[in-house]
Each structure stands twice: as C-alpha cells, then as structure tokens.
Amino acid sequence: MGSTFGQLFRVTTWGESHGGAVGVVVDGCPPRLRLSEPDIQEELDRRRPGQSRIVTQRQEEDHCEIMSGVFEGRTLGTPICILVWNKDARPEAYLEIKKKFRPSHADFTYEAKYGIRAWAGGGRASARETIGRVAAGAIAKKILRERCGVEIVAYVTQVKDLVAKVNPGRVSARQVESNIVRCPDRAAAAKMLRLIDRARRAGDSVGGVVECVARNVPVGLGDPVFDKLEADLAKALMSLPASKGFEIGSGFGGTRMFGSEHNDIFVMRGGRERTLTNRSGGVQGGISNGEPVVMRVAFKPTATILLPQRTVTVDGKPAVLKGRGRHDPCVLPRAVPVVENMVALVLCDHLLRQAAQCG
Amino acid sequence: MGSTFGQLFRVTTWGESHGGAVGVVVDGCPPRLRLSEPDIQEELDRRRPGQSRIVTQRQEEDHCEIMSGVFEGRTLGTPICILVWNKDARPEAYLEIKKKFRPSHADFTYEAKYGIRAWAGGGRASARETIGRVAAGAIAKKILRERCGVEIVAYVTQVKDLVAKVNPGRVSARQVESNIVRCPDRAAAAKMLRLIDRARRAGDSVGGVVECVARNVPVGLGDPVFDKLEADLAKALMSLPASKGFEIGSGFGGTRMFGSEHNDIFVMRGGRERTLTNRSGGVQGGISNGEPVVMRVAFKPTATILLPQRTVTVDGKPAVLKGRGRHDPCVLPRAVPVVENMVALVLCDHLLRQAAQCG
Amino acid sequence: MGSTFGQLFRVTTWGESHGGAVGVVVDGCPPRLRLSEPDIQEELDRRRPGQSRIVTQRQEEDHCEIMSGVFEGRTLGTPICILVWNKDARPEAYLEIKKKFRPSHADFTYEAKYGIRAWAGGGRASARETIGRVAAGAIAKKILRERCGVEIVAYVTQVKDLVAKVNPGRVSARQVESNIVRCPDRAAAAKMLRLIDRARRAGDSVGGVVECVARNVPVGLGDPVFDKLEADLAKALMSLPASKGFEIGSGFGGTRMFGSEHNDIFVMRGGRERTLTNRSGGVQGGISNGEPVVMRVAFKPTATILLPQRTVTVDGKPAVLKGRGRHDPCVLPRAVPVVENMVALVLCDHLLRQAAQCG
Amino acid sequence: MGSTFGQLFRVTTWGESHGGAVGVVVDGCPPRLRLSEPDIQEELDRRRPGQSRIVTQRQEEDHCEIMSGVFEGRTLGTPICILVWNKDARPEAYLEIKKKFRPSHADFTYEAKYGIRAWAGGGRASARETIGRVAAGAIAKKILRERCGVEIVAYVTQVKDLVAKVNPGRVSARQVESNIVRCPDRAAAAKMLRLIDRARRAGDSVGGVVECVARNVPVGLGDPVFDKLEADLAKALMSLPASKGFEIGSGFGGTRMFGSEHNDIFVMRGGRERTLTNRSGGVQGGISNGEPVVMRVAFKPTATILLPQRTVTVDGKPAVLKGRGRHDPCVLPRAVPVVENMVALVLCDHLLRQAAQCG
C-alpha cells in the first residue's frame, strides 16, 4: 500500500532500485494529449545521476519506454505505463549493508516493518523510485501548460548556511538551469558549489532548501477541508526522500508577524481580484486564489556518507560502517525537477477534480 | 469532495459554522471499544471557544451526541456519527462580509470556486469544522492508548517572537494544561500571555508554532512511498486552518548540518535498536522507528482582526472592512488539542493499515 | 469500513435501525443546485413503511432534516448531511433475537465478524439503512434530470412465479405508482397483490424481481476496466438487502442465443448511432451507448416470517424461533424507489467522472 | 480511471491488446510470501489463447516477467509489477474496423467517450486485458490457500441451452480440467463440445454460464453496507468482458420460493454454526458465514463472429462488416480461470480488510 498518489490523475510507482526495472502507471490521464517518449525523457534527464560532478555518479541512462496508453502519438485515456530498466545493478557493492543498518537510512525500518528488505540497493527507499514520479509529472506538467499555461519552476535557495536571493515572481527555468547547483542567484550558486565540492571531497554531505513556484494556477483549485491544496502539496513533497519540512507562503517566518501585517489586502487589478502581498502563498482556505503558489521544502543532508559511522548489525551487535564508492554529496540539484513534477501531479489532480465538481 | 481523511479509519466531517450542526462520521473503527460521550466531550472541551480570555468568546457549549455505531457502551464496528448543534448562529453579525471579501480569509476563494458561499459565518472554512476532527481524534487516541500505550502531547512553543524551551521526550499533558497558553515553559508562557493580551486589546492577532510529540509509537507505521508517515502527518496538519508550515525532526534547522552531524547513530538499548539522537523525528524512510515522533506546525496570525483593512467588494469595488465584535487574538491554545487529534487520526489509520498488510 | 459509495459523488450512510437516527453524508455534490427537504422527502415517502397493507407496518414518519451543505436553498459544494430520527425503537420486541440467530438474517455473521451486534433491531443490516441511500439518490436524480434529462424508472416485474409484461422503453413513473405493488402491468399487479396478501396472512413472505430502466443516459458513462458502468450498477444493487442476482440487458436469457442473433446492429437514426435491438442493455465495453440502460435485480423472499423456525442460540443450543408482530411479506414495492436511487448514485458519479477525464 | 481494483490488495492493470505489453501492479501484497514466475505462469497458461481448438487461435505465449516487489523468491511488501509482452500484433488485420464499428463491441463507445481508440485490436476492451487480472489473482489465490486453505473452483455449467449437473460442494479442479470445455459433467461436456464446434464452423459464437465456488472461506469477510461480499463479487465479475448477469446462492431461481422454504436453518455441526441448506450462497448480510460461497456469471455469446453483419462507419454511413480470420466461438473455457482469479482478488482484499478492522 501507499504507492498510489492522486484521486483522478492517479499515479502508481513501482520498482526497487536494483530489481529489473522501475516505473509508473498513470490512470486518469485525459485522452488525445500529444505524448511521446521525448516529453518524458527531457524531465528524466534532469534528475538523472551523473549529470555533473556534484551529484551521484551511478551510471544510468534512465531511458524511458511507454508501454501502454498511447496510440499514434496521443493518449488514449487508458492507463499509461512507463518503464525504465535498471542497468547499474551491483549487489556486491551492498554486501556490507545486508548485515548492518545504515544510520538515518530506511534499512532498519523496512526490516522491522516487512521482515524482509531488498538489501541490494535501497529498494523502494532509493531516490531511484522518483523516476516514476518524474515520468508521471512530465505528463501532468504538459496538461497544465496546455490547458492553463501553468508554469512550475523549482530551484535551490539554500545549501547548508548559504542562502540565495530569488524573486519567485520572475525566476525562469533558464536561470535555474544556468548552473549545476540549480540556484538562480549566480553569486550564491558559486559559493554553494564550493561548499558542495568540499563536502564531496570530505566524503560528507549537505542539505538545504528547494523553493518552488507555480504561476498561472487557475483560481479555485483545492478541496476543503482535508484535501486543501497546501495539504496535498505538503503530502506530495514530504513524501520525497530526505525531506524534513514544508512551508507555503510566509511559512514559519510568517509566525513572527501581527495579523495586521500578515493579511493580504485585496485590490482589483487587470479586472480581477488580486492581493497586494502574497503571504498566503497563492492559497486561501485551501483553495488557489490566482496568485503564484510558492512553497519550500527542507532536505536534510543525504544519509549516505563515506565517513565511518557507528551502527548495529541486523543481529543487534555494535559495528562500524565505512561508506564506499559513490555518494551524493548534495541531493538538492537533482531534487529540483522532482519537486516540480510532484507539484505538477497535485495541481493536475485538482484541476480534474475541479472540472468534476464545479466544471 | 475532500471532507474524508484516512484509508481504514475513515473520517468524514460535515457542517458549516452557522448551519444546523457540525459533525463527523467515523467508518472503520474497530468493534468492542468502550466509548461514550464523555470520552469525546473531554477533547471537545479543550478546543471550545470561551475557555479563557485569550481565545474567541463565541458562546458555544459544543455538547456532542453519538448518533450511531455505539451500542451498550461499546463500538459496533459500524459508522459512528457524532453531532454537535450550532447554537450561536448570528447571521446579522456577518452582513458586512456578505458584500466584502475579508483579507486572508477564504471568502473570495470559496466564492470563486463554488459560485456561492455560506456568508453567515465562515462556512466550512471556520475553525468550527475542527469539532468533527477532534471528536474523531478522541476515538483514535483511545485506540492508540489502549492498544499500544501511545501518548500524544502537543503544546505551544512559539508565540510571535517568543520561543519556549520544551523537552519533547518528557513534556506531560499536565504541564501543558497548567496555563491558558498551553505552553509548558512557564516563564515563556507568562510572556506569551502578556503579548497575546496586548494583541487582543489592540484588536490585532498573533501566530506561532505548535509542537507535537507522539511517544510509544510502534515500529513499522507508515507506507512507502507516497503514504510515508511524515507525509500523512504533514497533510493532516497542513489541512488545519491557518497552518503555513510543517516540520518533522530536525526540520528546516537540520538543513544547516553536515550529514556526518545529522545522521542518527544506531545503538542497542533495552534489547532493541534505538538511535542516540532523534533528528529523524521518529521516522526513517517514511516508517516509524520507535523513537518519539516529533513535529511542528506554523500557524499564521489569525486573519480576523478588529482593525480597519482595505479590501474589495463582491462586485469588485474598493472598500474598507472594519472588524467588529469577537475575535480570536491567538489561535494557538485551541489549536493544541486539534493538532493532537489530527496526529492521532494519522497514527490510528496507519496502525490498522499495518495490521492489514503485515499483521 | 464499507459505508461509503462513489468516487466523486461520495455517499456515506450511517445509523442503526434502533439507534438515535439514521442518515447520510454526501460529499462532492456540485454547488448551486436548488435543494430543499421536500426534494428528498418525496423519495423517502416512497420507501417508508406503512404506506400500504402489503408492506411492513412499522410506524415511522421518516422526516428528513438537512443539517449542512445547503444555504438559502442551494447546495454549497460542501458535504450535505441528512438525518432522519428513529422513533419506533422497541428493543423489547427484540429480546428473543438477542439470544437466537434468525435464519437467513445477518445476526450470526455480524456477531461472528464484530463480536458484538445491535440486537435491538437489525442494526446496519436493517432495510432502514437504505433511508440514507434514498436521500442521497434523490439529490443524484435531480442532478441527472436537470443536466441531461435522465429518467430512471423501476418497477416490479415478478412476484414469486407471477411475471408481468412491461416495455422498458415506455413505462412511466405514473404507471408504476398506480398500484401498491408498483407493477405497471395492471392485470399482473392484481394477481401479485392477491399472492402477497395470502403470504401476509400466512405469516410467510415472497420475493421477486425489480427491473429498472434509465433513459436519456448520455453516451460515454463508465470507466473501463474495473469500473464499467454495469459493474458499478451490479455492485450498487447487489449491496441492497435481500438481493441475490443482477442482470443487464439480455442477462441470463441472452446466454441461450447465438452471437449472430445477440449482436446489436448499428444504424443511424436521428443523426446519431443507435442500435436496432438493445440486448446490450445500453452498455458496451462498460460504457453507456445512449440506449436505455435496462437491468434487473432478484430479491429473495424476506427472511423475517412469522412461522416457527428451527435455529440455534448464541450459545450454540438448538432452539425454535417464533416470529412475532410485524413482518414485511414482500419487500419489492418498497425496493422500487431504493433501486432507482441506487442507479441514480452510480450514474451521477460516472457523470462527474466523465466531466473530470473527458470533459 | 477505473483500472484499479481493491482497497488493500490493490490491483492496477494496464496495457492495450496490441501495444508493447500488458501487465499489472499489485500494491499491498503481504511481505515474505514465496512467489516466483511459475506461480503466475500456471494460471496464465489456463487463460492463454490456442490451448484447444475451441478457443481463439491467436498465437501468444503470454510469458510473464516479475519486474518488482520480489527479492530472493519472496515478496517485499512493495508493489509487484508483472509484465507480459505482446507478440502477435497484426494491425493490418484491423484496418477494416478502423472504419467500421463492430456490433456489440466497445469500438463505438470508446470512440464516443475518448474521441480516440486503439483500433489496431480491441485496446483495453480486449480479453487480453484479463492477463493482468489473472496474474494478480494467482498471488491472491496463493495467499488465501496458505493462510486459510481457501479453494476456489470455477467451471462451465451451461453452454447455450445445454445445462450441466455439478455439485459445488464437491467439484474438483481436476474434474474441471479433464476436458477442454472445462465442464465437470462429462456427458454434458461432450454435447457442449459438439455445439461449440458447430458454432465455430459456422463462424458463429455461443455463450453460457460459469459457476464458481469458494470453499473454506473464513467467517466474517465482507463489509456492510456497500462493500458487502456479494456486492464486491458482483462488481468483480460484471467487470469481465461479455458478462451480462450475476447470481449468488439461490439467485434468480430463489425468487420463486416462499420465505419459509428459502430460509437457511441454523444447526450446530462440528462445533460451529452451520446451515442445513445454502440458499444464501455463503453470505448473509454481506458477510461470509463459513458455507461455500457459490455464484454464477452469465456470458453472452462472443461479439466477434465471421458472418457478415450490418453496421455503420465512423462517418455514419451504413456498411457491412465481414469477420475474417480467427474468432473465439465460445469464451467460457478461458473465462473459467479468469472468474476464479477475480473471486480470489475479492476474497483476499476482504481478508486483509478483516485483519485491519477486526483482527
């Protein structure tokens, strides 16, 4: 259980990091959407390992194949299954973790819950699982763009203590992709890069914050009371590996203001209701208000490090784990497209829900 | 849509703040649980308006009635409907907001989404809707306590800039209830009280942070990959009115550490795997690891204030809104039991899910 | 679990036959639909006990109250809770069945499943639970009628061995309501009435068949592959108390034909694709084809009879159960509105689903 | 939407008959179940085309591959994806149906609903989609057998007018598999075979009835009120291609009895409550009572025939369709394993639900 997301644009991911393949089934995609593998591959390439020196060097092409649901270049309205073969399976690299629980990894909890775990890799807890999410999100993004011109841009705003300055109202995908950190503030990006490189060489890791903005979101998305737009966004983003926090609009910082400072004043602009400020982050009462939806996700430093760490074995004996080989010193650059695509899944699902109830 | 929460312990709330009644239907409650109205009333009394001078003075007894699902003092395994009559309906107090959108309220978005809104009160967006959540949570809490000894304690840790010191491993419900702010750090609580009083007198409002800890949570709750425990907790808590942020474990602060500092080292203690630190917040890979589950929710300052504010009318004309009558200068003390009960809903649902798949 | 029906027009019924009340919550109803209690009461009156001498004489007015989701005579798009108080609670009439399992009733299975049962009446297994379904169905019917002119008519076509002749293409609600059997074939109805009366006087019961036709159903409702329209209709109608069989179109009789006889030939008529015959019953490949949707439900003779029957006690001792007081010699006339309203729930849900995916 | 079945043992099928592959994702399978491809292949081989002269001669090996969810021969508790490649894709065989709607097929309704259809084969409406169901059902069957000794046997009891005599209490899988009709009454089977052969040579088709019995079903499965066991069985079986009717226990025949004849008398036998007769078909009040669950499905004669038929083109012109090549004169023998596996899916899902709520 738990591998399906969405009510109407229903996404089910499957696959262990070192099994035959990973993939996704999307049920509920509207028919007649132009769709082919390049639409999906483009997004997958952004999350692929080995893109730059600061991300994991696992060798995977992550080439996607559409197995169903598309006919003569258009969606049929039937389930779309997309598959990516696993190529870099090296179970021998994992023999040590068959016996020892890696700190702050899911080894122990999977073992405790299921009484079995795919030790030859991270199994479902591997970041590799997000391939299915990104593939599905690529479809959602396309629907949102074609139907409403929705633009979703995520970017790194913090790496460890380094904080960037970015204007979510204006930031562009081009700016984000202009450097391998995916931070549109170039000065900050340069410092972040040095910090990540230092962590990489030390066999250590760093975390940070990814911010995401969705612009041109139609007014009216979100279903009170439990399926508020921000609640579903929070769930989507807190389901990502290594995420520890979520904020929308003013977030934790907004708690330091008086109500009289925090409230977003309504004005008419361009013939429609707008707000002078956007502390609400584009959402009021759980429903989008037409302003940019702005949110942030905190990612802890990656648990896999190459420094020696104390731990226990599966038999409850003390042990030392010495990381080896490849590690991902900073998950943030590759998290950027994943965040965007998760946001797309939520918005697309609510777009269809809105059509059903209020269309 | 959107008024149901949970997969197996399914909670559906209903009711507008000024309709006939508000309530909840709980489907999936295990049979033969002792349950009667006082079990629920106790929790409702903690969220009731008018408990102290710092919360809204709306006059409601909020007396609950169990309408179904209980027979001779025990649950039947059938849907439990609980109802609370609305008594303090004063539509005339709302005539102004029939015409003007209140800033940072849900008036505009409901109107835009549905083309209609229950202007005589906040409708579904009112905090009154949380009565149903608390009533259902009271049942969930009881199941968790009786089956596993789970203890859930929430408390205020921040009001505006004032930050309390609390040890989530030891804090008790008694300490929380010892003052009307529901902050177990007495020194901080005294300062917070003065601040809230000042805001109240000024017709303004303040926000802050509620922290919640769940102790004795069994190992193994949470369903990767989308229904991770922290993802469902985030959704539950971000669906509360006025919440703008969620953190688990180290949260946003943890992003400032190196991986080598952040990782929770495993040790054997009391014959089972424990972690030396709890930066994970009791959850690894989306599954509870037996450590206390610790999370925080940011609440913005309440949108309702008594100071004059600019806004627009439903016809798109500029206007000034002058708050009147009662307001809630700080939502936090009453949010405390709501947070606890939402956490209980998530944990109870996952307890049943765990029994289904791995029991 | 199990008390919710529908994906987008979500109906949750609650209530035991002898608890405080029975009712329903409808989530997902489109906003701005004119709705008031008489819309619902009209349907409830058709299923009410005591309408005629051939149905149970339990004294209930079954007066409905809308508790939420409607404001100034229109739906808000929020959950609609409808409640009917139980008035005729006479637990003493049930003391015998506290100790003895009634044959072909749900007493034994509820006891075995839940370890507890609401012996003071049939609990959830009582036909009284269908009040919530009918109340929700009344709303669904109204949506279908206003949006697409859908007309749903059910009627009795068989009582024990007596079979009526009815043309589903033309039968009207007025014809159905013209006699207390609710069989539009007047000659058959007269015979059926005599048969039911005989069973009533003998303390026995009879079963039969209810046929239902839905006309003007838009082309395109139904979601392959599991949520085919006929599959959801079958589930809806097989979830009614006492139903033992379901057919659509040619049903079991159609199995006796060759494919060359059974296939429905397409022709153009009125500018659109029609079929010369309707053995498909308005559904092909799980999707409505614009022809009348015609289905039949088999109801066994009511289990409650007044004749003495062998059984066992809850302690596993042989016993004799002697029915007493009121019984329902033929459930069919009251099943007619329930069937109609269940069909309305399925069609309305699929209408919204269709709008979401293909709208 | 509509390609997922089950609440806890969640099955999502995907794939068109002439796309790359067909398959299924099973989410919620308990961990540590021994599972490998032969477990699934065995069931797939029973539904494969080309097994005998009386079924379609399409050439497919239908060799399954487990892509995920199994590690070292045991299930991980994570989603199990199973894939079968399509080999016999011959789009040119379908050029005629690109232009003409086949009578009583899903061509017209898919085109009308989605505005597009996979004309090169039956798409999702093809019986080939049931491969995913059978693969998932093979897992469900294994769980049911290992946990509770549940035995599920389906068989043909009627072909056109020919009716077999079978005792559902005793019939064995070996008897069913003893002839290619899959009818355990050998005398009837011989006659059925001649009838099917005649239809085959004439280019025509015949339908009939498949009966299915599940023995050793634990008491207590089924969730009142909407998810009654018989309701979910009805939905499962009415979602199969070509099914037009469903009965449980006494079914339509039972409507001809008096209540005093129909009621199943309780007696103690073997230390537990049993019924003398089984007109209820193993289900009372929607919950299994420990007696064999017995149900029947009506299958219409296959729509594909080789005789010329009138129809219309996609442009609304009259036309004649002349079947060509292969056809399936009688779907029943291959439907037998599909029925068994759908029943297994329902029972397995309810077994897990029962563990969750009442375990």
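Here the chain labels run A, B, C and D in written order, and each chain numbers its own residues starting at 1.
Heads up, the rule we're going with is that contacts are C-beta pairs under 8 Å (C-beta built on N, C-alpha and C of every residue); 3 or more make two chains touch, one makes a residue touch a chain.
Predicted model only: the values in this text are computed from it and were never measured.
> Can you give the rotation angle that fits subunit A onto its twin subunit B by Cα atoms, in degrees and rounded to the nearest 5?
Copies differ by a rotation of 180 degrees.
> Looking only at C-beta pairs that count as contacts, which pair of chains has more of them, B-D or B-C?
B-C
> At the subunit C/subunit D interface, shared numbers over all numbers used: above half (same) or below half (different)?
Both copies touch with mostly the same residues.
> Roughly how far is subunit C from subunit D, centre to centre by C-alpha average, rounded to an integer in Å?
Roughly 26 Å, centre to centre.
> Let me have the rounded angstrom distance from the C-alpha centre of subunit B over to the C-alpha centre of subunit D, please.
About 46 Å separates the centre of subunit B from that of subunit D.
> Determine the centre-to-centre distance between subunit B and subunit C, using the mean Cα coordinates as centres, and give it in whole Å.
Distance between chain centres, rounded to whole Å: 39 Å.
> Can you tell me which residues of subunit D touch two or more of the remaining chains?
1-4, 7-8, 13, 28, 31, 77-78, 113-115, 124, 224, 353, 356-358
> In their shared complex, at which residues does subunit A touch subunit B?
1-5, 7, 13, 101, 103-106, 108-110, 112-115, 124-125, 129, 158, 160-161, 199, 204-209, 219-220, 222-228, 230-239, 241, 243-252, 254-268, 271, 273, 275, 279-281, 283-290, 298-305, 307, 309-312, 316-318, 353-354, 356-358
> Quick check on the complex: what are the subunit A residues that touch subunit D?
So the residues of subunit A in touch with subunit D come to 1-4, 8, 10, 12-16, 19-23, 25, 27-28, 31-32, 65-71, 74-81, 83, 113-118, 120, 123-124.
> Can you list the residues on subunit D that touch subunit B in the complex?
Subunit D reaches subunit B through residues 7-8, 28, 30-31, 77-78, 224, 352-353, 355-359.
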